[in-house]
Amino acid sequence: MSRSTEILLALIGAALVLALAWAVPWLRFVMTIALAKGLAVLGILLLLRAGQVSFGHALYLAFAAYAVAFGASVVPETLVLLPLAALGAALLGLVVGLFVVRYREIFFGMLNLALSMVFYSVLEKFYAITHGTDGIRLPPTTFAGQTLSNEAQGWAMLVLALLLSLGFGALIRAYLASPMGQALAGIKTRETRLEFMGISGRRVLLAAYVLSALMAGCGGAVLAMTTRHVTPALAYWTASGELVFIAILGGAGSVFGPFLGAVAYELTRVYAAALVADAWQMILGLVLLLVILFAPGGLWGMGRALLARRRSA
Amino acid sequence: MGDWLSQNGLLLGLATLDGLSYAAAVFMVAVGLNLVFGVLRILNIAHGSLYAIGGYAAASLSLFLSSRGLPEWLSLPALVVAAALVGVLLGPVIERLLLRRVEGQEPVLQLLVTFALFMVLEDLQKLVWGVQPVVSDTPVRLLGNVEIPFGADTIPFTAYQLFVLPGIALLTLVGLAWFLRRTLAGRMIVAVTEDREAARAMGIDAAKVTLLTFTAGAALAALGGALASPVASLVPGVGAQTIVLSFAVVATAGLGRVEGAAVTALLIGLGRAFAVYFEPELEVVVPYIIMVLVLLIRPQGLFGTPETRRI
Amino acid sequence: MSVLLSARGLRIAFGGLKAADGIDLDVMEGEFLAIIGPNGAGKTTFINMATGYLRPQAGSITYDGQPILGLKPRRIVKAGIARSFQLPQLFTEHTVLENAALAIAARAGPWAPLAPLLQRRFRAEAEELLDRFGLLPLADRRADALNEGARKLADIAMAVALKPRLLLMDEPTSGVASAEKMAVVETLTRVLRDSRVTAVFVEHDMEVVARFADRVAVWGQGKIMALGPPQQILNDPAVLRDVIGVAPVGDGAGTGKEGAHAAT
C-alpha cells in the first residue's frame, strides 16, 4: 500500500473516531481507552516482528498509570504527567530490557510475565502506599494550565490519544522499514546471521523493547487520566494477554492493526458486557478463535484482502 | 539464630508441610504443561482452566455423592474419577478442534488460541459453578488430623495433605518417569518431543502421540485441581492464578525431564509456603523471584539443555 | 605474501571426538585455501572457531597479528573476517534484495533511525552485488522460495557484502546441482578475485578444489595431514586413500565426480 493511501486511511480513521465520539457521547470514553491500548499494542507488534511475544507488557502500562496517579497529587498537569510517566516506563523498559533481551521465545515471554506479576503483587500488597486492590482515584488534571470541564477534558484526552496514535503509528511504520526494523524482523528468522554480519541481535531487540515500553507508557498515562482510577488489575497477566489478543485481532501486518484491533476489542467488550453481563469474556474469546482460525491476518488482513478482491474484480 | 529457631521452629515445620502439599498440586499441573509443551511446542494457557474445572468437577461429584447419602470414602476415588473424566472429555476435543487446526501456524497464533480458550473456559466455569466459593472438604474430614511430633511440640496437620496429596504426586512422578522410559507409547512421546520430524520419519504417528499427550496433560491438570479442591476453596480466577505459577515452574525447570518439574515445584512450593508464614507480602512474588534468579544463572532453566543450533 | 590468519595448537573435542587435536595452519594474504577431509573431521569446527562461534579448549588464533579468540562473532566480523554457511543462513521472510541490503547496511552502519533500508545507496549496491552473483533476476523473491544453489550463492553474497579481507566458506557448492557447480565456482572465483578477498573454503568436491584452490589442507583425525598445492595433494594416492578414501582426480572429470560422491 502506498504511503499516500496510508496517510489518507489514517486521516479517515481519525475522522471516524472523532465522528463516532461526537455522535454517541459515551463512545468518546471508549474510543480514548481503545487508542490508549492501541498504543501499547503497537509495542507488542514491534516485538512480534522479532518473533517474540511479551506476556508482561501490562507492566509498563500499569507503571505509567500509577506514576500519573501518584504524580497527579503533586503536579496535576496533563502535559507534564504524560511525558514524565511515559519516560519513566521507557526507563523501566531499559532496565528490564537489558535483562530480558538475552532470552527468546517462552523464556522471553515468561520473564516478562514474571516481572509484571511481581509489580502486580507489589501494587496489591503494599496497601499503605498503593491502597491495594482498591486502587487510587486521580484528582482532575489541568490541560496546558487550564482547568477544563469534564466534557472538554474528555475531548482533550481523546484528541491527545489520537495525536499520539498518529504520531507513533507513523514513527513505527518508518522504523519497521529502516535497517533497524528489518534487522528486528531478522531476529525472528535468522538471528545467528545478524551476529555474523556484525549486528547485535540483543541490542536491536533492546531498542525495540524500550520503544515498546515507551508506547505502553503513553497508553497507560492516557488510560489513567481518562478513567481517573488505577488498580493493580492493570498489571495482572491477563491484561498483558489482552494486549497480545488485540495485536492478533487487529493483525500484526501493519501499524493500523493495533488501533483497528483495539477499537474492535473495546466495542465488542462494551456491547458484549451490556448484552450478556456474565459472558463477555467468552464472547471475546470466541471472536478471537474465529479470527485465528479463519482470518489469521487479523481484521487488517481481512480488510486488505477484501480491497484487493474488489480491485481485481 | 538458636533463639529464632526455638521461637519459629513450629512455624518452620508447618511451612514445610504446607509447602510440600502445595508443591504436590503445583507439580501435577506443571508436569502436564511441560509434557504438552514438549510435544506440541505450545504453551497452553488454558491449562490452568483445566485445573480449575478438574477442581470444580471433583467438588461437584463429591457433593453429589454425599447428597445421595453414599459412603463418605467414595469421595476419595471421586477425585480421580472426576479428573479423568475432565481430561478424557475435554482433552481430545480441544486438541482435535482447536490445536490441530493451527498446527504449523505462527507460534503466536497457536499461543493465542489457548488464550482464547482460556477466556471461554473462565466464563464457562462462572456460568456452571457460579461465582461463590465452592468447597467440599469431605476427604479431609474423613481422614482426620495427624499429630506430628516436632521437638517438644506436635504439629497438627491433616492426613490428607500429609499423605494423599504428596503420595499421589509421587506416584505420578514415578509412574510418568516409568511410562516415558519403559513403554512404547512413552518412548514415542519422548521421540516426538526431541525431534518431531525425525520421529515422523521413523514411522511414529505424531498426530496420535499429540492427542495422547494432550489428553494426558489435561487429565494431570484436572487431577491437580481435583486434589487441591478439598483444601482450597474454588473461586473464579483460580485457573488464572494456577497457570502463571505453572509457567514459572516450567520456565524455571526448563524443558526436560519430569523430575525437573518435580524438583522445581518443590523449590517453588516451599519458597511460597515460607513466604506465607514469614513474609506474607512476598507470597505471590516468591515463585517469580526464584524463576528470575534461576534464569539469570542458567538461561536454559535448571534442567534444560542449552540449545545449540547447527550452522 | 604475508600471513593473514594463523592458528596454533588448536584443540577442541566434542564428547570423545577430537575435532581438532593440535591444529597449526597459516592462511596467506590473497590465497584461496581449500580444506578437505572426511565428514565430521572438524573442518566446519575450524570455521566456527575462527569466527568466534566456538571456543577451542587450547591454542590460539591470530588475525593480522592480533589475537581474536574470545571475541564475539560480531567483533570478528568488524575486524574483517566474514563467513558463509553450509546451511544457508538467510532471512527467510525477506526478499533476496532485502537480505543483501541488510548485509550492506550492517557494514555501513550506524543507521539513521528512520531512513528506509531500501534507500537509494543501499539498494544500488545490493543490486550491483546481486548482479555480480547472477542473482539479480531473483532479487524480489522471498529467500525461502529459492532453490538450493541460489540460496547458497545468496548466502555467500551476504558475506561478500560485508567487504571482508578474509572469507571463510563452508562447503560453498554443496547442494548445488552438479550441472551448475562449475558455473557457481566461476562466479565465485571472479567475484572474489575482483574484490581481492582471501578465501578459505571447506569442500568435498575435488573437482571444485582443483579448479578453485591455490593450496589444499587435508584435515583428518584432528590434524593437518598434508598441505600443499592442489596438483600435489590431489595426486598423492596415499593422502587420498588414507585420509579421504577417494580416487585421484586428473584422469578425467568422471572420476572427479565419483570421488566427490564417495567423500560426501
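Per-chain numbering from 1; labels A, B and C assigned in written order.
Heads up, the rule we're going with is that contacts are C-beta pairs under 8 Å (C-beta built on N, C-alpha and C of every residue); 3 or more make two chains touch, one makes a residue touch a chain.
The UniProt protein names, listed by chain, are A, B = Branched-chain amino acid ABC transporter permease; C = ABC transporter ATP-binding protein.
Please read these numbers as outputs of a predicted model, since none were measured by experiment.
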| item | value |
| --- | --- |
| Per Cα centroids, the chain farthest from chain C | B |
| Chain pair with the most C-beta contacts | A-B |
| By mean Cα position, the chain sitting nearest the middle | A |
| Where chain A and chain B are represented by their mean Cα positions, the distance between them in whole Å | 32 |
| Centroid distance [mean C-alpha coordinates] between chain C and chain A, Å | 45 |
| Rounded Å distance between chain B and chain C, as computed from the means of their C-alpha atoms | 50 |
| Of all residues in chain A, the ones touching two or more other chains | 192 |
| Residues of chain B touching at least two other chains | 311 |
| Residues of chain C engaged with two or more neighbouring chains | 89 |
| Residue ranges of chain A in contact with chain C within the complex | 171, 174-175, 177-183, 185-186, 188-190, 192-200 |
| Complex contact set, residues of chain A against chain B | 48, 51, 53, 99, 102-103, 105-107, 109-111, 113-115, 117-118, 120-122, 124-126, 192, 236-238, 241, 244-245, 248, 252, 278-282, 284-286, 288-289, 292-293, 296 |
| Complex interface listing, chain C residues touching chain A | 51, 72-74, 77-78, 82-83, 89-94, 98, 101-103, 105-107, 109, 111-118, 122, 158-159, 162 |
| Residues of chain B touching chain A in the complex | 37, 43, 45, 98, 101-102, 105-109, 111-113, 115-120, 122-124, 126-127, 240, 244, 247-248, 250-251, 280-281, 283-285, 288-289, 291-292, 295-296, 299, 301, 309, 311 |
